[in-house]
Amino acid sequence: MKRQFAKTALTLLFSTSIFMGIWAQSEDLQENTRAIEFPDIPGYVTLKCDLHMHTVLSDGNVWPSIRVQEAIRDGLDVISITDHIEYQPHKKDIPHPDRNRSYELALKAAEGSELLVIPGTEITRMMPPGHFNAIFVKDVNTLKQKDVMEVFREAKRQGAFVFWNHPHWTSQRPDGVATLTEMHHALLNEGLFAGIEIYNDNTYSKEALELAQKYNLTLLGNSDVHGLVDWSYEVPEGGHRPVTLVFAEEKSAEAMQKAMENRQTAVWFKNTLVGNQVFLTPMIEESLEVIHKSKGLVPSLQIHNHSDADYILENISAYSLHNFAPVFVLKAHEITTVQVKTLETLDSFELKFKVLNAYSEGDEHPEIKLLVE
Amino acid sequence: MKRQFAKTALTLLFSTSIFMGIWAQSEDLQENTRAIEFPDIPGYVTLKCDLHMHTVLSDGNVWPSIRVQEAIRDGLDVISITDHIEYQPHKKDIPHPDRNRSYELALKAAEGSELLVIPGTEITRMMPPGHFNAIFVKDVNTLKQKDVMEVFREAKRQGAFVFWNHPHWTSQRPDGVATLTEMHHALLNEGLFAGIEIYNDNTYSKEALELAQKYNLTLLGNSDVHGLVDWSYEVPEGGHRPVTLVFAEEKSAEAMQKAMENRQTAVWFKNTLVGNQVFLTPMIEESLEVIHKSKGLVPSLQIHNHSDADYILENISAYSLHNFAPVFVLKAHEITTVQVKTLETLDSFELKFKVLNAYSEGDEHPEIKLLVE
Amino acid sequence: MKRQFAKTALTLLFSTSIFMGIWAQSEDLQENTRAIEFPDIPGYVTLKCDLHMHTVLSDGNVWPSIRVQEAIRDGLDVISITDHIEYQPHKKDIPHPDRNRSYELALKAAEGSELLVIPGTEITRMMPPGHFNAIFVKDVNTLKQKDVMEVFREAKRQGAFVFWNHPHWTSQRPDGVATLTEMHHALLNEGLFAGIEIYNDNTYSKEALELAQKYNLTLLGNSDVHGLVDWSYEVPEGGHRPVTLVFAEEKSAEAMQKAMENRQTAVWFKNTLVGNQVFLTPMIEESLEVIHKSKGLVPSLQIHNHSDADYILENISAYSLHNFAPVFVLKAHEITTVQVKTLETLDSFELKFKVLNAYSEGDEHPEIKLLVE
Amino acid sequence: MKRQFAKTALTLLFSTSIFMGIWAQSEDLQENTRAIEFPDIPGYVTLKCDLHMHTVLSDGNVWPSIRVQEAIRDGLDVISITDHIEYQPHKKDIPHPDRNRSYELALKAAEGSELLVIPGTEITRMMPPGHFNAIFVKDVNTLKQKDVMEVFREAKRQGAFVFWNHPHWTSQRPDGVATLTEMHHALLNEGLFAGIEIYNDNTYSKEALELAQKYNLTLLGNSDVHGLVDWSYEVPEGGHRPVTLVFAEEKSAEAMQKAMENRQTAVWFKNTLVGNQVFLTPMIEESLEVIHKSKGLVPSLQIHNHSDADYILENISAYSLHNFAPVFVLKAHEITTVQVKTLETLDSFELKFKVLNAYSEGDEHPEIKLLVE
């Protein structure tokens, strides 16, 4: 039936000549239907970012141009190609030692698009300290140093933002539990890293979220893709890569770095949002547009969810619902009719929901308010 | 992916405030996405008609209101409920002898909609002559007569249009071959019937088409539905009931009857169109909108098929195609890009196709011309 | 891609001759793909029941045979056609006063199928007391009495099970809040009704659930369908009618009535289960088959959800998960891989989840345990 | 509804323990649901081959390992990576001159799979003679020569099979018409090439087919992919890359080369098959399994189409059909019920169809015979 709706929409667009201009737009959009969509919030743009990925220049399997095209198809605002400094299995074919090359090639491939490519690299060490990404770097080649602390210090000198990758990676932490070693404390004491991946590829770390809260680290979630995004995240079947949402004053590298330093992020993966509730709560509220359809003792609303998340809500309003149990779902990009037993006829009233598939630090579910008027 | 396109279309409609009015329209259309769609032709409207169906008033399983709702969902212009004169298996519960009752109930159910309900009934006899529908009748009750010829004469007196139902029905013709008996010739000689079903329910009769050509009979194809249209024709899976397309000067009972008497019809079933080529050929041409996208030695066209038919075309133009073999398909409601090897740069040129899934009388495929300019 | 998997499955079934027997089975199942599916529990069969529906014999729009076919397509075990005693808008066409007739016709239509049809009717009064269904009745005609208390007493004499329909219906309770009147207390005191609909058509009543708990009433949820189930519940788009799940010792009218009198029911609507937790909890546990795929510090499980519910789970185990946040979803009929951080290698361990889209009385979420070994 | 059938199939497979072994098989198949499927024919295996594609080693955008994974997902039997001898836009990063390297890397990536990787390269010259692929070569590096005739002679010395790529490519033939130049005649006279692409990427050449017939050239159709197969051919939406079907005595490089030299091929693109009718006709016949379901005057058959092609058939049997017009479609991987008017009860009979979406040389449609018994 979805097929049929698509048909309707097409018919609609085509049947009236005033839509000819729109149609061109629609063709472009058609390319972007897999785009990851979350709304901006007052004062901030919501940047969809994947800040961890690889190409043939280190141990990935595609040229940087494919990473750029995948990102454009996914509707991302920002990517960083973070090829390994210390690991190049394709060295026999790609022998040159220039670690800035992935960035250069991606930048060129992104020309003319709206995708922001920022320089980055992966510091690739045994645990401790494990793997870290440095983004907003000036020159990756100078990060190639023997002493690991010196690598981080050089990144700091370059003004980079540095975050710990997959602290729960079972290849480096067999029990999958993210914990700080002495070296991590040393790095923190010198201010040498400021963020942590709580989600990487397909894995989540509740313990990394606790460390982030305790040590004031910025939350990130990234793909770390080596093959094809479409295959790794089953995009055609409706899947998506994990992304870091950065709430920045504008879409620019500077604004983004400032936002990351201020911990203005959230992570989106497997229908779950985890993030700084100062930004996450209003973003969820912005996702939901409420239309007051009928007044009376049991008013009817239409709630249009403009985001990619199926929100799992628990009704904690003063009123019970006439057509849903207290836990219910507002599906992504759909309009859901909700009837509310207000007991008296009200011009305006407030609904309150706990969002069960969202977390802020302390593993708390954000509470959202919707004003109906 | 269709799901995702649907999403895009929605996003498109919602994201711009000028579409709010459209959206309301789209919601209505959404109800109608299963609508059977073929374009009008210059001077004529293309009426989608099902002129053979049953309700609980004879041997069907639904109230006439359901037949009306099914027709509205299917986007039909005209229906006739043709309950049997001589057969009422639900008589124990519905004992009254009023054979006009289905029409009255359907008419009331259709009030306020655009569906035209015309009076009709099924004359239900052993072979010969078998079953016939009389539509545009004045009073079905007076058709209840012992002598079969008298029934037809009374129908004629009432000004009815009478057609032979499923002449190939294996319950009455075990070999499935439609042929005329003496009684049929007698009926024809008195001008007592003028149409013939070449398609009924799920069955087709090539021989009925030949009879139609030989005896100047109007072509019809109808559902003869007793249960639910959605189940009988697997509508949710993309199926549809067979319909008679009537090319009338306007949407009215009078214009429709005149068109039927002039044999201005075609039949639509299982991705096949069979009909009077004077009307069928322009209807197929009207279905196809051609946009000249690029000029040059190998110009590129976009052909938008605005109909429900997947047209199977054979290229009989002066030019070969750069991206298709001579037989190819223009899918229903899709835009197909076609590249043509014109050998020189032309401002305008003509394409010519045989439509392999359409037939006019004599089992010929219609030939359509598309002017590209 | 689902389309393509269907193709694979077909190929699989067909390509090996030993599956020929299975295929026949599959064709039958194909008819039943919309079947509502929940597993039995130890000692009890889980009967899927719709105990509230109408036909042309009162104010519905279909013959009883269609109700039977809809139920078979929906995989129901039991239906009761509960045409109104006091309301027959089609009386002009169906004049006889026999209120047992719908049952007789449905019984005949169900012959040869596994569908159990039980006698029933709807007592249709102004509020108080409103509408009630009496099922397992002996003779509906003797329930046609002026005094409403006498109707209930006659139902009791016949050994019927009586339940209150849609106590929150806004046509009878404009604020939508289910509450008992004096007459309801009188009925309860005489033991004249024992059940209550907490869900009817598309509406839910949290307050009815509270009344059920306080007054020991059996929970029911039914369609109350008048038109077509496929249209009312958007079955082709993946919707389903609400049903009452009855946990009975066997599939028989007697066992079912006994189970209903013992309050052994749950209600299934809009991806929500509400019911008696003594039965609901094991049914959810039975839905989930756990396969221990890999051992080690972070063992991997495959959980196959054999039910129609997308279970929204909150992890309350002693262990955190390696690939999900604490709230996550096990989709209906899918296999989900779950990785568990057990910290040490265990031969067996227990997982514990709160089921957020299920409720037992007191609005509590059931807690389920899954033994992994 | 397809989704729901998938569910059923799953349920079927899982619900009975004897299917556990099958399930493992099904999981493998699930990976292969996009696999291109055509049956073998008596005495020959039908090899699905893509013999024209590029990687980062010339002007492609992926490492050879991705080409191998795409081919495995597409169910191909054979690929050849045919990077350009004379064109390496990524030379700055990949400077070594070893033109055998793509083959080596692909061979290693395919280890352990059933995919056959054969050595190949693209001779990349201005027109004339344009681009040619040489496959089954021994050493690509020695093909790097100034004189173009010498390149072909060296290929011949190595025992290569050489074919002309996209003779209708508008970059080299602005009118898109494939024709032979003097140099092509010279090459043919020396026996320096033996095949021709009639389909490349998304383009078809009717004129190339005519040349193939006139000069006894082997037909090929290949992707020539530079980006991702999934994107170029919209695989998730149901599209597929063009392939060359080679009818070989066994799946080996030797048997395949022999088959190609004997012109035992067909080309599959956009629901069209073009090829040598000695092999194409039996392959279509092998695709169709006929089950005689009922006897009598109008026997009913089930025809199961085991191939990826929607066959567009024209009935040229002695009998007309009871449920289809003379032109109808047998959908890929579906079972279609066909009723035949045999006029008398026959134990066995023959059906005859023209296949309108298939061509053999001379632009003739193959005729297939199906024996029903």
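We call the chains A, B, C and D, going by the order they appear; numbering starts again at 1 in every chain.
The criterion applied here is as follows: a residue touches a chain if its C-beta (ideal position, glycine included) is under 8 Å from a C-beta of that chain, and two chains touch if they have at least 3 such contacts.
As the structure is a computational prediction, the values presented were derived from the model and not from experiment.
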TODO: Mind listing the chains that sit against subunit A and also against subunit B?
DONE: C, D
Task: Most remote chain, CA-based centroid, reference being subunit D - done: C
Task: Inter-chain centre distance, subunit C versus subunit D - centres from mean C-alpha coordinates, in Å - done: 51
- [ ] Averaged over CA atoms, how far is the centre of subunit B from the centre of subunit D? Could you give it in whole Å?
- [x] 39
TODO: Spell out, as numbers or ranges, the residues of subunit B touching 2 or more other chains.
DONE: 1-2, 236
TODO: Please name which positions on subunit A make contact with subunit C in the complex.
DONE: 1-2, 168, 170, 174-177, 202-207, 236-237, 270-272, 274, 296-298, 312, 314, 320-329, 339, 341, 343, 356-357, 359, 363
- [ ] Show which residues of subunit C lie in contact with subunit B when the two form their complex.
- [x] 56-57, 61-63, 65-66, 69, 90, 93-96, 101, 227-228, 230-231, 235-236
